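Before anything else, here is the set of structures, which you'll find just below.
Each of the next two complexes has chain A plus one other chain: chain B in the first, chain C in the second.
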Partner chain A sequence: MIRIKIDGEETLVEAGTTVLDAARGLGREIPTLCFDDRQDAFGACRVCLVGIEGAPGPMASCTTPVRDGMKVDTLDPASRRVATAVVELVLSELPRPPAEHTELAQISRMLDVGTPRWPGEQHDVKKHDESHPYLAFHHELCISCGRCVRACDEVQGTFALTATGRGFGANVAAGLDEGFRASACVSCGACADTCPTDAITEMSLLQLADPEPVR
Partner chain B sequence: MSDRFDSTVTTTCGYCGVGCRLEAHARDGRIASISPALDGPANNGHTCLKGRFAHQFSRHRNRLTAPLIREHGGFRIATWEEALHRVVSELSRIRDDHGPDAIAGLASSRATNEDCYVMQRLMRAAIGTHNIDNCSRVCHSPTSFALRKSFGLSGATGSFEDIDAADAAIIIGANPTEGHPVAGARIKQATLRGMQLVTIDPRRIELADYAVLHLSPRPGTNAAVMLGLAHVVARDGLVDHDFLSARTEGYAEVEDLLGDYTPEEVSRITGVPAHDLERAAHIYAEAGDASIIWGLGVTEHLYGSEVVRLICNLALMTGKVGRRGSALLPFRGQNNVQGSSDMGALPDTFTAYRSVGDEEVARAFEERWGVTMKRERGLKIPEMFDAAVAGDLKAMYIFGEDVAQTDPNTKHVEAALESLDFLVCQDIFENETTKYADVILPASSFLEKTGTFTNAERRIQLVEPAIEPPGAARTDFDIITTISRELGHDMGFETPADAMREIAEMTPDFAGVTFQRVGRRGLQWPVAPDGTDSPILYEDEFILPGGRAQLAALPYKPPGSAASDEYPLILVTGRRLQHYNAGTMTRRTGNLDLVSSDWLEMHPADAAKLGIVSGDRAEVRSVVGAIEIEVLVTERIEPGHVFTAFHFPEIRTNLLIGASADVNTSCPEYKVVAVAVTPIGRAAGVPQLETAAT
Partner chain C sequence: MDKQPAREDDWVVVSRNLVELVRRHHEQGAPTALDVLKEAMDQNGEITDDDRRLAAERSGLPEATVHGVSTFYEDLLVPRGRRHVRVCTGTACFAATGDAHVDELAGGLGLSLGERSDDGSLSLAETVCLGYCHASPAVRDGDVIDAGPDAIERVLADAAKPAPEPLVESLLDEPVLIRTGDWSGLRKALAETTPELLLEEVKAAEVRGRGGAGFPAGAKWEFARNAEGEPKFIVANGDEGDPGSYIDKVLMEDNPHLFLEGMALAGFAVGASHGFVLVRSEYPRSKPELEDAIFHAHTEGLLGEDILGSGFSFDITVIEGAGSYVVGEETALLACLQGLRGTVSARPPFPAQRGLHGLPTVVNNIETLANIPFIASHGAEAYRALSPGATAGTKLVCFNERFERPGAFEVPFGMTVRELCEDVAGGMRDGRSVKAVQIGGPLGGILPASRLDAVFDFEPLVAEGCMVGHGGIVAFDDRTDMRDVARHLLHFGADESCGKCFPCRIGLRRAHEMFVSNAPVERVSLEELLEALELGSLCAHGSGMPAPIRSLLAHFPEELGLA
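Then we have the complex of A and B:
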């Protein structure tokens, strides 16, 4: 067992536990965006940052394993400042704010992000893929967190989704960007279940979406 | 989430036997969405397109919302009072005139344990007959029979979790990525982590692409395959003699028999290369832990129950049973086919497979219910139809099963239903069977009721209502207990929990089961009085005399149907991912938009001989019947074999299936039917079958 201190509280956890799991085990709330318990930790979004004594800067808690004697500050101001800026930058690329119930909206509320301060290029509203009876794909809401791709690979094992493009053009495609219906998709819905922005969602929920706040 | 939905309940999926735990979100009295429960032990936060999406059937316009009574050749809407009066008076009249054994009932493997328990109690105590059965008769009854003979209990020896812990696995006669998608996904993940998988199936199933080895035996030769694997295990010194001598009986006879089944001889019978048999045996036997998974491709044969015993032999010879990672996992077809049988909805057993001839058990039930019962078993499903045609069976009460679409020898089934004086069907939709009904009672889907389902790993899990039954429809539990009371046998149950209390009191294997203990994680029977459950069976001893497992020396025997000049192809039937059995539910959802018909798979060599290309229509003819269907030419199937599903009443695949059935359990031989295929010309506007089939 490994002994660590989180926000001054001492705890014993199994070797190999991540800082995120250890902190959540103590009831600490650490915001995450690319993390899903059903998938291997990815460490891409830099939202789950925490302060660790002796570390050169904020650390991603989801991919940092605990170390004996480690001291973690989940509310470390530098970490929170970076995480908040990351979420703000993510939001600044979207043509409309995410629906209230989505994880991205919840995290931005938790971090008190508000309206992004940096106007700039936003994702084009391309043609929506609504060819499938159950799954809708609104690419402009994709933040390239990779959760849908990993759900398809690591949970379902179908490998129907692919990360595409680079930089601002990064997105996700079903098959060779031919839409869900024509791809190898087996319609399990794991992608819609994990998507933190409703870029992929259930067709039947489109009409139930929360009212969109005016921007 | 909560702002979009009025309510969310955690329940258990009503589709396949995996038993996914689901969060059912309702809005305005309808299901708005379903998501997987993150703590579901069988699904770990995943589910498939049936569990997640195929729920619109629950409010489909064709739902039965009022009782119907046959009148002047059609049906008219009736009040519950009138319909129940009709049922009770007709059943009473027939019982008085012809005796209780002129009546038979079918319990539904899609309904809850409590529904099935009260249904068998209704037949046994209110009517007075053991003529009660359920659809496990036509799927895994051979598994139940064989596991009881070999090990003692009628259920998987372990859990789905064993797949995660196994170093190797054999899948025989099952297509999990379509039939049990969440378990299929789990197997895929295990292979990606390095589990050595061997698939054995006449078709090249999707998991064959993830396997280190795929064997394609001729349909009906599974016994030879298993004997061949056992031969290699014995020949190459891979037998766990310590396990055999400490915990089993009967190996000497098996060893004598195995000599005949050299890889070369087995190759001659099965068409599987001798080298592949040797490799498969080594992969399984040399793995630290290995599990065997099977489905209806093993059981629905003339000697299906014997093949299951040979599977058990192989596990015993290598000592691979009774520990984490080394399990025998029969993949049960329907959500509660395990439970409906556990509950005694069988003609020969009370709860937990205790014989109706067991004096002590029978007396306990007689005392509890205040009745006397025969000690001889009642009729199995196929025998019910025979008795109806012969005029001995006068009435049937069929609850949640469409025998006219799903049972073999369909014309005989229809003749039987027509011969009955009185047929009552209790269902959520009209179907092929209700066409013959005198009274149709509108019942409830799994989304509208309370109770428990038992999945393929013996796990009892809670079912809770997310929405109300539509219109005047009632819960099955309510309908059955009401009819029983009006027949003069008041069960005294207010709620399904009351029924579970009686089940627990009357059944040692369920002694500690309460709804409260079942909770969110479920309980795997046997459950001790203190609530301790049993994820792994037989860790220390088997539940047979002396605690010893029984090996069975059973030789290979050919299937009941063989290709001939007149019927040169062998038809195998199975399921598609998008649909579920008779399709009653999935055909009334968006799944129909994904796959809208059955199709026949045929190897390019056979197609070339017949001049058929993908999209052509063909007539498929067997000794007992004929159907018309579109053809898909694919190399997933071996030359000489054809494959189709049975989801669409327009096609009615089971018209082709004859009366041949497992020698021990009467489970029909759905998986081997000699057929002739004749092209009947090109059809325009054929759906894109190539896409749907991949």
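Then we have the complex of A and C:
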């Protein structure tokens, strides 16, 4: 077992535990966007940053293993400053704010993210993929967290989804980007279930959330 | 259900399932998806969904995964005409012309960057960087790379000619890196020592990685040697993507035997029997030169089964990338080698634990490996004595076209940047003066002319907000507009972001947007953005891009148009 201190509180955890799991085990609230505890950690969103004594800077708690004697500060000011900036950047790329019930909106409220300091280009609103009977894909709300891709890979083993593009143009596609219906999708819904922004939704939920009837 | 395994060694790099799929198909001799897609691009100048389906079938990967690969690499994105012209927009070419060569070429061809003519006869693309920084500007017409002040004119006249190769010299009486590799280090090691003793010697030599991070090579080898899992691999990182650097290019194309011998020595010490070299597609000579050298080493019995009757076997495969700067990062490089999207993965696990095909892998830079034969021949003590009082060994540095004697030079650590610029490279040409130099690539800080007395070594340069990096030294002369430098660097940074981590993916785009218009840049919000990039990014790309921008803020604030 490994002995670590989180916000001054000592705890014993198994070797191989992440700092995020250890902190959440003590009831600490650490915001995350690309993390889903049903999936392998990904380390992409950089919102779960914490301070670790002796580290050169904020560390992503989801991909940092505990070490004996480690001292973790979950409210480290630099970490929170950067996490807030990152969520602000994410909101700045969306052409419309995420729905109130989404994880992205919740994290944004938790970090008290204000008006974006860096407005700029936003995702194009392309044709929505509503080809599938149960799943809808609104690409402009995709924040490339990779959760849907990993759900399809790790949970379902179907590989119907992939990350696409690179840099600011990164997004997600089903199959050869011909939509869910033409892809290998088996309609399990794991992608919609994990999506933190409602970029992928189950149709029934979409209908509830959207005042316009779905075609 | 918590899927994070309790054993840290079992943490994953990329997708466990995809890695397993790739490994199984690799064992059966299947090509990677990237190989098949590159082939389609070379043949047809574009990639269709039929090509993607074929790539999926031949590589054994899911169609969606192949689609993801096909939308990642620069070489697969820009449609090609029957004649495909690529103009270098690297930092040395920018320093030479302020990008006027790009406008001249685009205007002359009547195409914009990324465009193909309607009849499919001609296309124009941007490329970073062709490695002809000693003779900028550079342009590639088909497979001919032309460079120099008249290169654009020649290409417009459809009369491109191969550019001259750079001057290559060593300041040492007995060069370590600028010498023909003769495999004497490997012969000696196989005859006289054991893998354990060679590893100890490399550790004692204190070889720091020459690819930028400066991590001790011996420690890396030891991690891989002690890691569970067989077989193990040696990977030579030839993805020298730093605009302004042509050091690995020289080592791979002019003197390949030296680092290939270093790879074999690494294999001997670590317990690996196969190595891979990842070369850049921007250096079209690299792959054929290396394959030729490997063939000759085979005929001499220096590679292959039971080398020189020692019982040690080692072979090397060369794989060409497809245009991505971030693939120079080791986890992205391994993803590329497996034909997947070249995105970065969080560490741990380190490649030494779980690398290529999920197995223990040493990833060393080309120049790092080129140091090893000397150590095997002469020992750690002789190696450390090469640069007294400084980092052990020697370093290759290279200079851009603005210098009087641009070339690649082997130097000891510990000289001043001024000595390098003035005594070695002869100062600026055309009677110009140095305004600033960027050292070590696009993630390296920028040193103004007033601070050239800084010492060229790891720690002293860090104290100046700079780094040794890869060793490329790009001078900007007195005519350079430093706001243009910021815009140039951020364009590169945003373009090359792999798109995985959020700060880099969005933050570099925003930073570029701040400089791309002529509007004043709000200094406070720029610095807040740089902090998020530096402290938040997953790899050195996003965390390193702020360094040169901070240098410009510190030394040239009046030129940046700040508010």
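One rule holds in what follows: the second predicted complex is superposed on the first by the 209 of 215 C-alpha atoms of A that agree within 3 Å, B and C clash if a C-alpha of one lies under 4 Å from a C-alpha of the other, contacts with A are read in each partner's own complex, and residues count from 1 in each chain.
Just so it is clear, a residue touches a chain if its C-beta (ideal position, glycine included) is under 8 Å from a C-beta of that chain, and two chains touch if they have at least 3 such contacts.
This one's a predicted model, so the numbers in the text were calculated from it and none came from an experiment.
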{"item": "Fit-or-clash call for chain B and chain C when the two complexes are aligned on chain A", "value": "fit"}
{"item": "Partner chain(s) touched by A:Val186 [first = chain B, second = chain C, both, neither]", "value": "first"}
{"item": "Which superposed partner A:Glu9 touches (first chain B, second chain C, both, neither)", "value": "neither"}
{"item": "Touching partner for A:Tyr134 - first (chain B), second (chain C), both, neither", "value": "first"}
{"item": "Touching partner for A:Glu29 - first (chain B), second (chain C), both, neither", "value": "neither"}
{"item": "Contacts of A:Asp37 with chain B and chain C, given as first, second, both or neither", "value": "both"}
{"item": "Chain B versus chain C as contact partner of A:Ala174, first or second or both or neither", "value": "second"}
{"item": "More chain A residues in contact - chain B or chain C", "value": "C"}
{"item": "Which of chain B and chain C A:Glu53 touches, first, second, both or neither", "value": "neither"}
{"item": "Minimum Cα separation, chain C to chain B, after superposition on A (Å)", "value": "5"}
{"item": "Residues of chain A contacting chain B in one complex and chain C in the other", "value": "37-38, 154, 157, 184"}
{"item": "Residue ranges of chain C in contact with chain A within the complex", "value": "1-8, 10-12, 15-18, 49, 52-53, 62-65, 67-68, 71-72, 324, 341, 343, 345-348, 494-503, 505-510, 513-514, 525, 528-529, 531-532, 534-538"}
{"item": "Chain A to chain C touching residues, read off their complex", "value": "14-18, 21, 33, 37-47, 49, 57-58, 60, 63, 65, 78-79, 81-83, 85-86, 89-90, 92-93, 117-118, 120-121, 143-144, 146, 150, 153-154, 157, 159-170, 173-178, 183-184"}
{"item": "Touching residues on chain B, where the partner in the complex is chain A", "value": "1, 3-4, 27, 32-33, 35-36, 38, 44-49, 52-53, 177, 181, 185, 188-189, 192, 210, 577-578, 590-591, 593-594, 691, 694"}
{"item": "Chain A to chain B touching residues, read off their complex", "value": "37-38, 100-101, 133-134, 154-158, 182, 184, 186-190, 193, 202-205, 208-210"}
